[in-house]
Structure formats: structure tokens, C-alpha cells
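Going by the order they are written in, the chains are A, B, C, D and E; count residues from 1 in each one.
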Amino acid sequence: MEWIQQLVNGISLGSIYALIALGYTMVYGIIKLLNFAHGEVFMIGAFTGFYAITILNLSFIPALILAMVVCSILGMLIERVAYRRLRSSTRIAALITAIGVSLFIQYVMIYFRGATPEAYPEVVSKQKIEIFGVTFSSQALFILLITIILMIFLQFIVHRTKIGKAMRAVSLDMDAARLMGINVDNTISATFAIGSALAGAAGVIFGMYYTSIDPLMGLLPGIKAFVAAVLGGIGIIPGAMIGGFILGIVETAVSAIGFSNWRDAAAFIILILILIFKPSGIFGKNTREKV
Amino acid sequence: MLKVENINVYYDAIHALKDVSLEVKEGEIVTLIGANGAGKSTLLKTLSGLIRPKNGTIEYEGKSIVKRKVQAIVKAGISHVPEGRRVFPTMSVTENLELGAFLRRDKKAIQKDIEHVFELFPRLYERRKQSAGTLSGGEQQMLAIGRGLMAKPKLLLLDEPSMGLAPLLVKQIFNIIEMINKEGTTILLVEQNANMALSIAHRAYVIETGSVVLSGDAKELQTSALVKEAYLGGA
Amino acid sequence: MEVKPLLKVNHLGIQFGGLKAVSEFNLTLHKGELVGLIGPNGAGKTTVFNMLTGVYVPTEGEIIFDGKKLNGLPPYKITRRGISRTFQNIRLFADLSVLDNVRIGYHTLAKNSLLSSILRLPPHFSNEKEMKEKSIEFLKIFRLDHLKDEKAKNLPYGMQRRLEIARALSTGPKLLLLDEPAAGMNPKETTELMDLMAFIREQFDLTILLIEHDMKLVMGICERISVLDHGLLIAEGTPEEVRNHPKVIEAYLGEEVGEEHA
Amino acid sequence: MKSRHFWIFFVSALIIYGIGEFLIANGRIDPFYENLLITLAINIILAVSLHLIIGITGQLSIGHAGFLAIGAYFSAILTMNFAVPFPVALILSGIIAAIAGFVVGMPSLRLRGDYLAIATLGFAEIIRIILLNWEYVGGASGMVVTKMTTWQYSFIFLMLTIIVISNFTNSRHGRACIAIREDEIAADAMGINTTYYKVLAFIIGSFFAGIAGGLYSHNFYFLQPVNFGVLKSFDILIYVVLGGLGSMSGAIISAALLTLVSTYFQNFPEIRMVLYSLVLIIIMLYRPKGLMGSKEITDLFLKKKPGKGGQQFENIGS
Amino acid sequence: GGSTTGGGNSSSGSDSGSDSGDSDTIKIGLNFELSGPVASYGSSDAEGAEFAIEEINTNGGILGKKIEVIKQDNKSETQEAVAIATRLTSQDKVLAIIGSATSGNTIAQVQIANDTKTLLLTPSGTAPNVTENEDGSINEYVFRTSYIDPFQGTVAANFALDELGVKTAAIYNDNASDYAKGLADAFRETFEAGGGTIVAEESYVAGDTDFRSTLTNIKSANPEFIFIPGYYEEVGLIVKQARELDITVPLMGADGWDSPKLVELAGAENLNNTFITNHYSSQDPDSKIQDFVKNFEEKYGKSPDSFNALGYDTVYFLADAIERAGNTDPEAIKKALEETENLELVTGTITIDEKHNPVKSATILEYKDGEQTFRTKVDP
């Protein structure tokens, strides 16, 4: 039974990675930007939720919504101020700005409230569900559910709605999209808004599940989400989810067999192995440039 | 219908269009010929709002469109089929056509227009579910034109639609252009294939290193010595 | 056959997923020939070039060049054996100078080792000097020498095409593959291109295989033409034979009065 | 390096060295500035070595701290546990790092762009985690290292790095790497063995990163894996991009500038990183091509005459 | 330069070194991790130290001189810590450096301190080799106010064996922290020497948030007791997740746990049946401690954690020595520091031993419904 317990552990951890990776991969899918600041938006989401609950006395759902709104505004603001000017520059220039923005948000936060962690209040009562001697926490199930719902929701937006079509068009050819009458700036803003709202939601859910939040909390999950997104094939929404799960399960498995020290190393080794055999991720199409 | 007066366009230090003026009247096919790099594509991009001129005026149906955004210009009825086709490669043929009608809300009419495009290009109908990137060059060109038509333009800007196409397809494309024009769409056509272009156009402009050097009736230009010498490959 | 052909392609074929892009393709080129490869869009012409140059590995058939089998060799080795090409969409080193574009072509012919370059030993200087001089001479032939310090991307289109040919020649090929060199050129520029091709063929003792949609050019200079449609050879012969071949007319050239053709 | 450039470089290097030596010997420079000079040299070596991989060969490698760590630890082991003389240890650590560069260079053959980036980042993290778990070097507790790095060593290896990488770049080998950066398929068609040169760039780049590692670890008495995290890799990446991709002098200038700026911001401890990140963002927004673009500083001094007729082509061509 | 939080006349004391007796300020450098991965420890230490300095300055300073502070951020990087130490000693010519928060960054400065005769006092560098070199020599100018690692590990092991009467234990430590590893090593040694068995040894890495898989592993080894020598950020989560997985055995840690945040993170209920070794208890009715807690809360709006307390004490430890030396000669102050005996500080009453480490008793505290309650006191 222990391995089932570990599998459950792995999937819950994976859901968190997946949740962050979804927003990451979506933004990447549309404008091919490695948005390193995504982890920081996630952090701001966690803190917004925290203050909403502790200071504004909101309950969980309103706090979640508030965090999503704040983050989507923040996301659009970041895009407007830091990335828009660089749209026609090299992608690596935007990457550096993203690193700059990420540091900036971290340290502004530290400046205002210090680096010490904050403990999330228990807003959603926790239940343990026991099936066949395996303990599930109700929260783990809840997170899994939210991740899957959001994944489906994103797929729906991108593939079934008009704004989604505009997003895909922009991702393929910005000028041609303009000639279709698509407002490229607004479309990209919308992409950031949605991606960042997801990060915000992930932040609140993370806080609820793991309790501890701090200004540097975005760095590690941000990189892990990046890994998850790449594992699945970056830019591909279901890929991000599967990548997250794989990462969570691999990390858990490595700890479970007693190599907890090597957990993160294992995650990266898996990543590199998968990339060697499948250079564009699990779901990525191995498109060779046509000459 | 469209009146351009003295526009100047720069790419940083490069002066790409110098005091260019031209006019397109309703119902015409006007063609723009000129050597590589003369500024033909630049002119079309300026008309559709992708590039802003430094000065000069562009009037469309009596109103200035110089400061308008691309989407507003598309909405006003100018549709630009860009150089190099620029179809959305991972989207299906149908999705590409739907994107052409992005600003329209009349779903039924859109459906009808898609069917109309399929009538013009039966080949596209055969491939309607295929992703555009895997189409052959000629098919992509048809798709690009069809997509341009989906905006229900009054004025269609075509940039080198015959480039890289097999001779058979070149003929087809020119036939279709004439057909579209007969159905009531005004056309501004940029072409390297000057001979073909001049034979279907009403009027023509010759552009050289950013300036209009010659203009007039298409048939007359076709026989003019200068044009023959420079663009029709000698005598 | 008394003379050994320079290139012999037997039953060449390639498959992408389910799609057979080219199959049963045969071609023989003798030294000094200028042969055309035509066919409708998507017929597989560029794909043939890609197989000849090692960009794609053929799934069937064999390529024999200069008496040796080429299948499976990486592109750079094939170039060193003596096949060079231009691309359908110009692929110059856009941000590099005109001179450097050609000089990079000389890479394989130069002998200075890594160590001699890092330590700046005499072989480095002599080789680099020679590379530069030869490149400039080359540019002179193509009338590009006055632009040697210009970035390739700032050149007008026609000159970019010319530079691409110059660059391909700088690797010292025996066989030159040209993929739609006249695309985007007006008739006058095309005429100039024809002259250039005739000239380099003489000057460099070349064999040329040419893809082109401009019939005036193809019919004007090719000695033989192969026609592809849907990955299959549908006709072969002199320009005159091909021009009047019914299959070619149907699939490619069209009747005099162009009709809707589904 | 063209010979004229070389001599200009050589003479100015000598002058800088002479000034540095004079000031230190006369006590005009106190230990703080001497330490700053060493740090500058190390950071410049790192920037130049990564410049070869990213700026010249176009391989987006964002885990350079991994090679730094290998050099740092290996040289420390040699000097501390095997009493190997410091300069020998430096060279050997460069060689070990170069071997690691070879290992990392291999997957780079199959990976492109962002995929390569995350793989190299992963590699650096793996190195760090190995060090964290390796009791022989103290794991998380770290190891004590005697200070051996001096301004002289730093300067000599800095010059060596610059000369080798510059000589490499300005030869047919360097041009081959640049061709790969510009268009790999076309480079292949030019007969360039792209595999060889991509791996070679990794090997040379990591060799010098390894040497920088040796200088680094012997400069501050104590070595711990925490110093080689993702942020360290990013620091080096930032030097290269901010300087202007493809410009070695850009990499040098920006490494020096950012090191000085960062040192100066120590005076504003509370908002140090806020200021630093603002500097990054602002430079990138207003100079998206980096401080130098792709130009070298010598281009500014020895301005070439524009090609004849260059003027006329400003108007035509596409 | 330097951000100066000293008394009103700090501008006048910049021209000469502090060892020239006529200067009217005493310059002290703070070299802490204010950004980077361990920023939260460094800033807490710095906060405590600055708080003490302010108190001293408002009370008239030391020997009638105000303290001038030069605070610098080392980004949690060793290289930067060294650069700052070099600068503080060679440019600012401070009398003493307080810092850094981690042993590694402190060790890196030891050589500079010794060479320039600058006092170096770390509030929280706990590794034995901060003060004592491998060859047994003592770093003359280096002192600390915290315990050294082995002490707390030993105390915890004895407590588990003797007071709780357990025979089997698991260790779950922070693999990225030399502090945690030091404690774990000492615990293992003492516990096994006392007849216990370690049935599982696992580790995590600072910054981790999910410990469930490893805890599941530990659980299946069935230990009677788990030693978790980490910092509260992770420990809070570990305790919580352990209890969620029905791990009910006693858990124990050290001063790294001590923070009001721990209770929030772990949940008061989950902390029942957990123990820590600590310097002091913030619930201790002793007026010195209560004053500190009260004043600190007033100023910073939060209760102090153990880093705050240690930073605070380090300044008083130094101030006391300067007072006793009667001048600002580093040699004399060094002597005075070495001779410190029964100095009452917030984190305990300390006497400095021959290895420059404080000898102070450890308090064992037990959490009951979120409150630290006094369990026993262990003398070294």
C-alpha cells in the first residue's frame, strides 16, 4: 500500500507544478517568451490571497478570485512595461528583462515586508479520506481537480473561442494576424492576463496546501514549472499538465526509494534524458525546419 | 476611392518611399511594377497600416486613414494579402479562412463567403481540413487570396501573388484576380511578372528606388520602350 | 557507357510520415551538363535537392557521386565531396558581411589548424590571407567586391541571389544545385542571371542542376529537363520534347489559354 | 585578431598591468580595490567564455555556473588535498571543466534554443547537487580553501582568455561558429562540421570557466555549493547579453560595469537588488541589442571606411 | 558610504580609524545576507543587531561614544562576504564586523579579521570551525554568541534517551545546511553511543515544500522519535505534513525552530508532543527577556525569533567587552571578549571558553497548544 500512498503524494505535488506550468506554457505558446517573472506573479498571488484572508477577512473563494484579478492586472502591467518594447528584439533580450522583472518583484516585496515567511491560515477545512488504507487529503484531490478543470478550460479558450483563435494567429505570425484585423496588443495582454490569473490561483492554492509563503517562494516552483512545461513540450497545454505530473511522481519516487538528497537532480536528469530522446518534449512535434 | 499624396516612409535611416503619390479608382485593377527593393511592398504595408509614413496623406473613400490602426483599416474595407503568403501554418484551411473574417460578426454570411472561396478555389475545398503549412506553394497562395477576400474588402492589396508558382498556377491566379475584380472588388496589384500584370490591369505605376517614375494606362505602358527595356526583359 | 557519370541517382525515394514525397527518382548527370528539374509546386523538387545534399536521408535508393555512394553522409561531408547548393528561400548569413559570407565558404579548403589559429602561427596568417584574397577575387567575378563590407541583409534581392551563388561556388563544387534562383526577379534581372550562369559554368568547369518555374530561363539554357509531379518523374528530355509532352502540359505548363484546373 | 588590433590590445594590456602593479606595490591600492580587481578579472573571464558559446556560436547555454563550480572545486581539491601548485591546479581544473563542456556539448547537438537552455540549466543544478552530497568536499558545510588568487594570476589568465578567444573568433574556426549561429543549415551546406564546432565552443568556453572557477575558489577562503546556483548562472548570462550578443568587448564592458554597479549598490543594502534589477530592465529596454550591439570597441576606434557605393544601397535591396 | 543608523553625529566620525582613541564614534560593520537564498536569516540577525545598537546609542553609547553602523548586503554569496569584509576593514576601518548569518560566509572572513585585527562576531554561525581551525588553532579575533552545532545535537540525543526513554529514532535533516548537518552528526553519535538505533536517515533541501514522500518513508521505518534539526520555514511544514500522515511520535529540533512563525506554519495542535533545545524562551518571565520582546515588538510589529535575539545579544556581548576594556583597542577588546564571564544576555548567561565559544545552558522547551513551555534545563 505504501507505493500507492507515494503515488498519491506524487500526483498532488505534480498537480501544483502543473498548475503553475499551465500559465507558463500558455504565455510561452503565444509569444515564445520564457517569462521568468511567472514565478513571482505566483508569489504575489499567494500573498494577495493571504492578505485578503487575514486583513480583508475574505473567505477562500473570494480571496482566490481577488488574487486572480490582481495577478492578471500585474501580468498585463509587466507585459506592457517590460516586454512590449522588446517584441521585435531578440528573445534573449526579453529573457534578461524577465529575469530583471523577477528580481525586481522579489526584492520590492522583501523591502516592504521582509524575507520571513508567512503562514497561510486554514480556510478550507481539511479532511482525510481513507481508501484501502491510503490516506488522501481532501485538498490534494481538490488541487488535482482544479488543475484538470483549468487545463480543460485553457484548451477550450485557446482552441474554441475567438480570442483563442486570435492568440494562435498572433503566435504564428504577428503581422499577418494584424492584417486579419486582430488587435495584437490586446491579444497579448489577454494572454498575459489569463496566464497570470492562473499563476495567481496557483499561488493561493499553493498557500492553502503548503501553508508557508515567502517572497522568494516563486523561484524554485518557477523553475520546476519551466521544467514541467519543457518536459511536456513547451507551449502545449496538456503537455504542461503531464510534465507536471511526471515531475511530481519522479521526485516522489526518488525520495521514496531513499534518495531524497538527489530529488532535484533526478528531476533534471529525467528532463535531460527525455530531451535527448525527444528533443522537443513529450508532446512536442519534432518539426524540422523545411529548407 | 484611394488617394495617396506625397508620402515618405523610412526604415530607420533608409528612405524607402520618396514623395509617392497614386490613385486607385473604384472598380479598377491598378498594378504597381518595379525592380526588387523598389518599395512596392513598403507601399502596400503603408496602405494597410503596418508601417506609418513620416508625412503625406492617404485618403480612402474621402477620409484620411494615415493615423488609423491596422484593424480599423481592415474594418473599413482594405484587405492586404502580404508578400510570401503568410498563412497560419498549423491551422487548417478553414480556420485560416475564418480568421480572414475575424472582424465580421455575421456568422451566416461568413459561412456563405467561405463557400464562395471554395467555389473560386476548388482545390482548397479538397484540402479544407489540412493544416496550411503542409500545402504546396500554389495552394498556399490561393489560401492567402481567399483569406484576404474573407474580410469582404472593397479594396484588395495583392503583393506578388505569382511568386514561386508553377506556370500553370500563375495563369490561374491571374484569371482569378480578374474574376474577383469583375465581381466588384477593386484591386491594387504588385507584381514582378510585369507582362501578365499589365495585361490584366487598367492602369499601372512604375516605381523605382522609392519614387514613382511612370504611370498611365496599362496597355500603353506595356508597349512603352522604357518599360520594355527595364521590366519586360529587353525587346 | 564509356564516360562515368558525375552523378547517378537510382530509385531514390523518401517518405514523411505517410506521405511519399518522392519515389523512384532516377537521374544521371554528366560532367559539364546543365539540367533542369521542373514540376508543379509541391512535386518534390526541393526534396530531391535536400536528399542530394544530405539534409534529408532518403528512405530508399542510392546516390552515387563521382563513383562513391553518398547516402547517409552528413551535409557537410557531401559539400566537401563537391556538391554545393543555393536555397529556395535565401539563406545567407544575413548579419555578416558579404566578404565573410564567401570566406565561410572557403572554410573547408583552408588548412590552418585550430592550434595555429589560436597561437597565431605562420600557417594561420598565410591561410587567412589566401582565403581573403581568393574571396575578394571571387566577389570581383560576381561584381560584388565593392560591397564586401556591407551586411548581406542590406543587399538588394537580386544581389543576394548572386551572393548566394558566389558563396556556394566558394566551396569549390563540381556540381552546383540551384533552387529557383530567378524567383522574385523581373524579366530583365532573369536575363542577367542566365548570362551569369553560362559564365560560371565555363569559368568553374561546373555541372549544374537547376530548379526553376520561369520557363523562359529553363527552356533557354537547359540542355535536358526532368519533370516531377507528385514525387514521380513524368517526363525527361530536351526542352523541346518536354515542352510538348502532354503530361507536362497538363500538370505543369497549362494550355495556352489558362483554364480553371482542379 | 588582426595584427594591428593585437598590438593595440597588447600595449594597453601592458599599461593596465603596469598601473595595477605599481599601485598595489606602492600601497596606493588597498586590499579592497585589489579584491575588486580580482573579482573584475574573474567575472570578465566568465563573461568572455560564455560569450564564445552564446554570442559567437549561438548556443543558448544558461548553466555556466556549473562549469565554474567544477573548476572551483577541482582546483581546490588539487591545491588543498594534493598540494598541487596553484597555476598547475588552475590549468588542470580548466581541463576537467572542458571535459564537462564536452559532455554538455553533446546533447546540444540535438537540442535547440529554449530546450538547450533548460538542459544546460539542469546540468548546472545537477553539478551543484552532486557537490552538496559529496562528503569529500564537505557537502553543504563546504571546504576551507587557502587564498592563493592574486591580482597577477587573475590578470595573466584574463589576458590568456581574451587572446585565445579573440584569436579563435577571428579565424576560419571562429567564422565557422558564427556561421552556425547565423544559420545552421546554411553552415552545414558550406561544408562546416557543425557538430564539431558546437562541441568545440562548449569545450573552450568551459575550459576558461573552469579556470575562472579556480581563481574564484582561491579568492575567498571558503567554498560552498550555494555559491553556484541558478542565480550565478544568470549573472554570467546577463553580462553577455547586456554587453551585446556577439561582441566580446561588450561582454567585457558589461561584466566590468555590472560588477562595479553591484559593488556600489552594497552601500544601499536594503534596496540593493531593487536597484540592480532596475538597472537591468532599463538597459535592456533602451538598448535591446545590448550596450555594444554586435560591434567591437575596436570598430569605434578604427572606423572602417564604408564600402564603395554603400550609399546607393541604402535605398534599394530587400 | 554605508547606510548609517548610528546616533546623531555619525558624520563626524568618518575620517580616521576607530582605534585612534580620540574618535567620538565606534564603527561597526554589519555583513549580512540581506538578499539571496538565506536572506531571511541574515536580515533577522541584522535587525536584532541594529535594534541593540539603537538602544545603546539612545542610552548614551559605549564609553560615551556612539556606535556608527555600516551595514552591507552580501547577497548570500561567499565572494561578496569577503569583498565586504575587505572593504570594511581596509576602507571603513571598522573596529568590529558583526556577521554573517551562516557559518560559511563567516569562515570566509576569518582570515581577513585575523590579518587586520578586526573583531568578527557571528550571531548564528554555528559550525565548530568558525572559531577553531582544523589544526586546532584558534582564530584569535573571531567570536560567536550561538552554540556550536554538536552541543545541541548531544543535548537532544540525551534528552530523547533519558527523558523520553526512546530506543529508536529517525533523523530528518536539511541537506543544504551545514548547521542541520552538524546537529544531525552529533545527535547520531550520542544517540548510538547511548544504546539507541537510528532506523531512518533522510534529508530535504531548504526551500522544499513537499515532504510527504520522505515522511511516508520515515513512517514506514517506525521510529519512536524523530530529530529534525532544520529551520522553522521548512520544519513548520514538516511537522504539519507529518501529523497529517499520522506520524504521532515526538519530534524534536533545535534553536532553528524558534520563531513565532513556527506555530502559524505547523498549527498549534500539530506541535503538541514536539520539543526544542533553545537558548531561551520568549515566555521566560525574566524581565530582561520580557523587555526585549516587548520593545522589539513595539518597533518591528512582530515578535522576535531566535536570529533576532542572537543578533541583539552579539552587539551587547561586544559592547560589554568594550566597556570592560575601557578603550577601543582591538587587542584589549579581544582580551575582554575572551574573559567574558557570566554575562547575562537575552539568549542566556554566557561564559566564553578557550575556543571562543559561549558556554551557556540549554533550555528544553515543549510545545503545548502552541505555547513554548519549559521542560528542563541542561548545563553544558
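To be clear about the criterion, contacts are C-beta pairs under 8 Å (C-beta built on N, C-alpha and C of every residue); 3 or more make two chains touch, one makes a residue touch a chain.
Chain labels with UniProt names: A, D = Branched-chain amino acid ABC transporter permease; B, C = ABC transporter ATP-binding protein.
Note that the structure is a prediction, hence the values are computed from the model and not measured.
The minimum number of touch steps separating chain B from chain C is 1.
Once chain D is removed from consideration, the other chains connect through touching as one piece. Look at the CA centroids: the one farthest from the centroid of chain C belongs to E.
Measuring from the averaged C-alpha position of chain B to that of chain D gives a distance of 50 Å. Note on chain placement: the centre of chain C and the centre of chain E lie 73 Å apart, centres being C-alpha means. Mean C-alpha positions place chain A and chain D at a centre distance of 32 Å.
Work out the mean CA point of chain A and of chain B, and you get 43 Å between them.
Across the assembly, chain D contributes residues 132-133, 185, 270, 272-273, 314, 316-318 that each touch 2 or more other chains.
For chain E, the set of residues touching two or more other chains reads 35, 37, 175, 205. Under the contact definition stated at the top, the residues of chain A that touch 2 or more other chains are 107, 110, 219, 261, 264, 291.
Chain A meets chain D in the complex at residues 28, 34, 82, 85-86, 89-90, 92-93, 95-97, 99-104, 106-108, 110-111, 219, 223, 226-227, 230, 234, 261-262, 264-265, 268-269, 271-272, 275-276, 279-281, 289, 291.
Against chain B, in their complex, chain A makes its touches with residues 162, 165-166, 168-169, 172-173, 175-183. In the complex of the two chains, the chain C residues touching chain B come out as 38-42, 88, 156-158, 180, 183-191, 213, 215-216, 251-254, 258-262. On the chain B side of its complex with chain A, the touching residues are 48-50, 69-71, 74-75, 79-80, 82, 86-91, 95, 98-100, 102-103, 147, 151. The touching residues of chain B, when paired with chain C in their complex, are 33, 35-37, 122-123, 135-139, 160, 163-172, 174-175, 192-195, 229-234.
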